[in-house]
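The following pair of complexes shares a single chain, chain A, combined with chain B in the former and chain C in the latter.
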Partner chain A sequence: MKLIRNILDKIKPQVQEGGKYHAFHALFDAAETFFFVPDVVTTKGSHIRDGVDMKRTMFTVVVALIPALLFGMWNVGQMHFRSMGVSVDILDAFWYGFLRVLPLILVTYGVGLGIEIAFAQSRGHEVNEGFFVSGMLIPLIVPVTTPLWILAIAVAFAVVFGKEVFGGTGMNIVNPALLTRAFLFFSYPAAMSGDKVWIAAKADAFSGATPLAELTAGHSAGLSPLDMIIGAYPGSVGETSVIAIAIGAFILLYTGVASWKIMTSFFVGGLAMALILNLFASSFPANSYLQLPAWEHLLIGGFAFGGVFMITDPVTASQTEIGKWIYGFLGGLLAIMVRVLNPAYPEGVMLAILFMNIFAPTIDYYVVEANIKKRLKRARVVFNSKNL
Partner chain B sequence: MAAKQDREPMFSPKNLRLITNPINVDNPITKQVLGICSALAVTVKLEPAIVMALSVTVVVAVGNFIISAMRNTIPSRIRIIVQLVVIAALVILVDQVLKAYAYNVSKQLSVFVGLIITNCIIMGRFEAFAMANKPWPSFLDGIGNGIGYGVILVIVAFFRELFGSGALFGHQIIPDSFYNMGYVNNGLVILPPMALFAVATIIWVQRSRNKELIED
Partner chain C sequence: MSQQIKIKRGYDIRLKGKAQEKVQKLSLNKYAVKPTDFHGIFPKLSVRVGDKVKRGAPIFFDKHHEHISIPSPISGTVTDVIRGAKRKMLEIRIEDDGADEFVDFGIENPENLGAEKVKSKLIESGLWSLIRQRPYTVIANPVDKPRDIFISGFDSAPLAANLDFVLEGKEESFQAGIMALSNLTEGKIYLGIGANTKSKVLLQTKGVERVQFDGPHPAGNVGIQIHHISPINKGELIWTVQAQDVVTIGNLFLKGQYDSDITIALVGSEIENPQYYQVKRGADIAGIVEGKTTPGHLRFISGNVLTGTKIEKNGYLSYYHNMITVIPEGDKYELFGWLIPSPKKLSFYRTAFSWLTPNKEYRLNTNLNGGERAFVMTGFLERVLPMDILPVYLLKAIMVDDIDQMEQLGIYEVDEEDIALCEYISISKINMQEILRNGLDMMRKEMS
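On to the complex of A and B.
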């Protein structure tokens, strides 16, 4: 640590105001605060919760994503070799998956951080950590075969139009990771759907359809609930394993980074909608999605991943406590509704969460208004009783 | 002396500004934020966008001239109806000309030629300019706003056709070798939302170059 401090101290004079390399000051700040807690003290009145700053918060989320990432890498290798009919041990499968997923991560971070630093530099802001999480989320919610240049365009679009135009980290209206995915989905549908994209270098004879696609096509999911929980089936890189996501959820909830209210209400909302749809199963036998047991809805596709890592994003979610319940519940409700009722979209989690992102401020507004009305009423009662 | 002052030259600097302002600092789309709907609808390809721009320019310029010429006789309570009659007559003329001389484009534009009637730029210029100015400046103002509208349409359509269909004016621009290497046209650019992003980017670029345009 001392060594790093010395190196940084040596560089510091050159990047400060008037130094030779002042143009790179944002990059230097980012590196310095990455290694050391800044010694800047708030001069005005502050509201301290505890010693956690944004960098630590973001890092907690990245840590929480690691189980899903590791499992995803293994699953990529495992599905590849299974489609070829070869059986290999865990490490070989993991290594193959690692080599396939690593480029996605590198491209995402390279493009995203490059744009962030360029904007921070030109605006005189510090580079902040917002993209650490998005950059880790994005590789986990795309198919492993996504071409890298397409990914780069989508990341650039999402960072510029999802985040920088609104003023950077903490100002975004929609979740940048989901915006990336939405851009990919609508721009390059052939690379984002179908049964060819979910398994790296798939053998032709092997069906690579996700359980969601099977259900949309009118078949059964073809998985036992235990399979769904373990998650060794085709899907986006990090979304399949409920176990790995549950570990991440535990970390997020234990550290208080994610709101348990949003997470719970999202799953309750999904379950409620699935139960309602189950009632219609016998009326529409052609739609096999309607017959899927409600709780299995929560295990397949991106529902668990979206519920733990996406909808809980504190920037885009509702801020009021009652609003959080409404926000999560409607998100889950919509996700299952889109998934089951719209044959064009086998999965609805992405669209539902983006939609709720847009509505979060409206929900907050009405919650606050209702509260004001309630308190005014109380104030009037007191006032009137005094006048009597 | 007095007579000389009344007659200003036809292309005085003041009149020229009526043309140049709407193209840049007072652009109907990026500054006045009018005519957005047709900017989304007809900009998938360049050719219809250009035809649309020309049609709107003709309608708004001639319409401005006519309205300005009768501005003192229009009773103000029914002026909207009078304006609509003028627009409708001009649009029908434009529609017939297109059908006669550019049938394919007219088919592509289909209902949007008729919908020029509802283009807010036209009504906006009638109300804001032609009702209060002489015919010749009004005519120039119409030309300027039509071109200003057209410039944005052409820029948006250029990017949308290039990235959405890999072509310009219907001719393939992006070579086959790109496609063989795995290049794919962007499907979102064809959809209307992307036109909004394109217009927004133009607004962004324009306002960061000209700080006076930034509203608080």
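On to the complex of A and C.
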């Protein structure tokens, strides 16, 4: 402890105002506060403060993502070897996946944090921890074969135009991780869809289609519900295993970091839309997607991942308690609607959540307005009774 | 049977160092009156250094509101006038001369005395300053007609003085105070009482509408009680008086003099054997805490840890406060303090582990425990603010100076102390009390 402190204390005067390396102040500050909670004491207001800060809160989300990350790494290796017809043990599969996923993580963090630190420096802010989470989310929602240079461009776009132009974490309108995904999807569709992208170094003979692609094409998903829950099938790195995601969901809900209202209503919304679509299955036999049992919709594609980690982002979600119910419900509803009814997009979760991100302030506006009206009404009653 | 209101939302911060219920009377030498205790006034001295003052004689008055003057708590000599930046008046120090001369305001029975006589007596004695108004929490204006007067009969803040205990045996003065106040409003005098109170003073006083509150802090805040009994609407005025101050007002009528005695709690983890002391308002705290603190770098607070004023070790008790809290300063670096779960830290959140030990009392320090960030997490502040108010929207409206929106979102109903818990639990470490005070000041200026 002394050693790290001494090193930091030695550097500190040089990066402070007037120091030789003042341009690296934000970087130094980020490093210092990573190692140490600073010796800053309260000067105004409450003399004591809660023991939890933004770092710990964001760190909890990263911890919740670890099961999905570990499973994703194994699945990448497992799918690779399966496509080649080779059987390997768990560790070999994991190691292969680890080596394939690690560059995605490093590039995401490198580009994203670099931009965050530069903006913090120019604004004189401290570096916000928001990107610790975004940087972990992004590698989990892209195909493992995503070229690193494309990923770097997408991350840079999302961080600058999705977040920093609005003022950084806490001010952004849409979720930066999903914006990255959307940028990739629309700018580089060839690298983001089709049968070839989901499995690293796939053998040509092996079909690498995701269950959603199969369903969109009018086939069956080709998976039993148990397979869907375990998640050993092609897809974005972290989205496939319902079990791993459920562990993350448990951590987020138990610690209260994610809103249970949003999470619950998202799944209810999805289920409701899927049930409605099931009603039309007999009228449109050509669309076999309509026949998929409603609850299976919740298990495949990015629905579970989106419902647990994406739509619950507190900054871009509805901020009022009543708004959260509406926001989550509509998100789930739209996700399944886009997924089933729009043949151009095999998955609807990303678009649904991005749309709801933009819609959330409108929901909140009406909830806030209701609070205002209640107060106004009370004041009027008093005013009238006085003037009788 | 009084009305009962259950408060569900809120949070009790479990701190070490609660006062034992015994009182010791202290005779101190040094006192001070601090103009900074009175928000929004422009102090002008009534005395000069070297002047002899009697107990109850005015020390300073407000340039813009001549009804506001602050009396001397003792008979003695003015020794110093301490000024800060831009010659801002900070303290007027008075040393006790032991003569105990006092200004005689005359004994009067306050019952049905009439508003004008009660007002002029309170204004003459300077004790009008004990009556404050909502909105804005400033000293009331005697020409106003308040809708009601509210008194909170219990303090739910961390380590707060037990009002049952400090009011014991003061039935007569309290009753006289209530009778005096009842002349000032055509509305009611509401007395908020705690769920478990057995206090004769609180339960038997006549002329008040008792409402019982049960729940965690901030249930004892008068602002929360007003909100649940009958919220403040635009254009309405409420007056509030603290329970001990009712006794002081009562004594003015019973004895004809300013009885500046007050029972205070000396509390906090750094106090050995915390207990109550009987002192006078504005007492020098060095005389109170001397030899009773643990060694180390300490913070001395007049008031409680959420809303109190930081004072120096040789500072003075603030006018409206009935407690002194002493806690350790937190000016130390902590390696991976945000990451490693520490049994020493208390948190409202489950991302730390203090929820595993629900009955433990903590020795918390003044470290900010993190850096300031933008608002990120949602839905938590509401859990410690038992009001129909959207705190984040209100604070954001203040931050962008949106007067209309502030009014619409209910700024008249809240005071700094009501959102102090929000500030305490804020993950983004935002100084919310300061923001709200700015909003209230802005609003007050706009409305005047």
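Quick note on the criterion: the second predicted complex is superposed on the first by the 366 of 388 C-alpha atoms of A that agree within 3 Å, B and C clash if a C-alpha of one lies under 4 Å from a C-alpha of the other, contacts with A are read in each partner's own complex, and residues count from 1 in each chain.
As a working rule, a residue touches a chain if its C-beta (ideal position, glycine included) is under 8 Å from a C-beta of that chain, and two chains touch if they have at least 3 such contacts.
Keep in mind that what you see is a predicted model, and the values were worked out from it rather than measured.
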First (chain B), second (chain C), both or neither touched by A:264: neither
First (chain B), second (chain C), both or neither touched by A:59: second
Touching partner for A:33 - first (chain B), second (chain C), both, neither: second
Touching partner for A:14 - first (chain B), second (chain C), both, neither: neither
First (chain B), second (chain C), both or neither touched by A:368: second
Which of chain B and chain C A:278 touches, first, second, both or neither: neither
Partner contacting more residues of chain A (chain B vs chain C): C
Partner chain(s) touched by A:186 [first = chain B, second = chain C, both, neither]: first
Contacts of A:121 with chain B and chain C, given as first, second, both or neither: neither
Partner chain A, residues of chain B touching it in the complex: 182, 184, 186-189, 191, 197, 200, 204
Touch list for chain A against partner chain B, complex: 147, 149-150, 153, 161, 165, 183, 186-191
Touching residues on chain C, where the partner in the complex is chain A: 13, 15, 231, 233-236, 299, 301, 305-308, 310, 325, 327, 329-339, 342, 345-352, 354, 364-380, 382, 388-390, 392-393, 408-410, 416, 420, 423-429, 431-434
Of chain A, residues touching chain C in the complex: 1, 4-5, 33, 35-57, 59-60, 126, 128-130, 167-171, 254-257, 259, 314-315, 317, 319-321, 324, 368, 371-372, 374-376, 378-379, 382-383
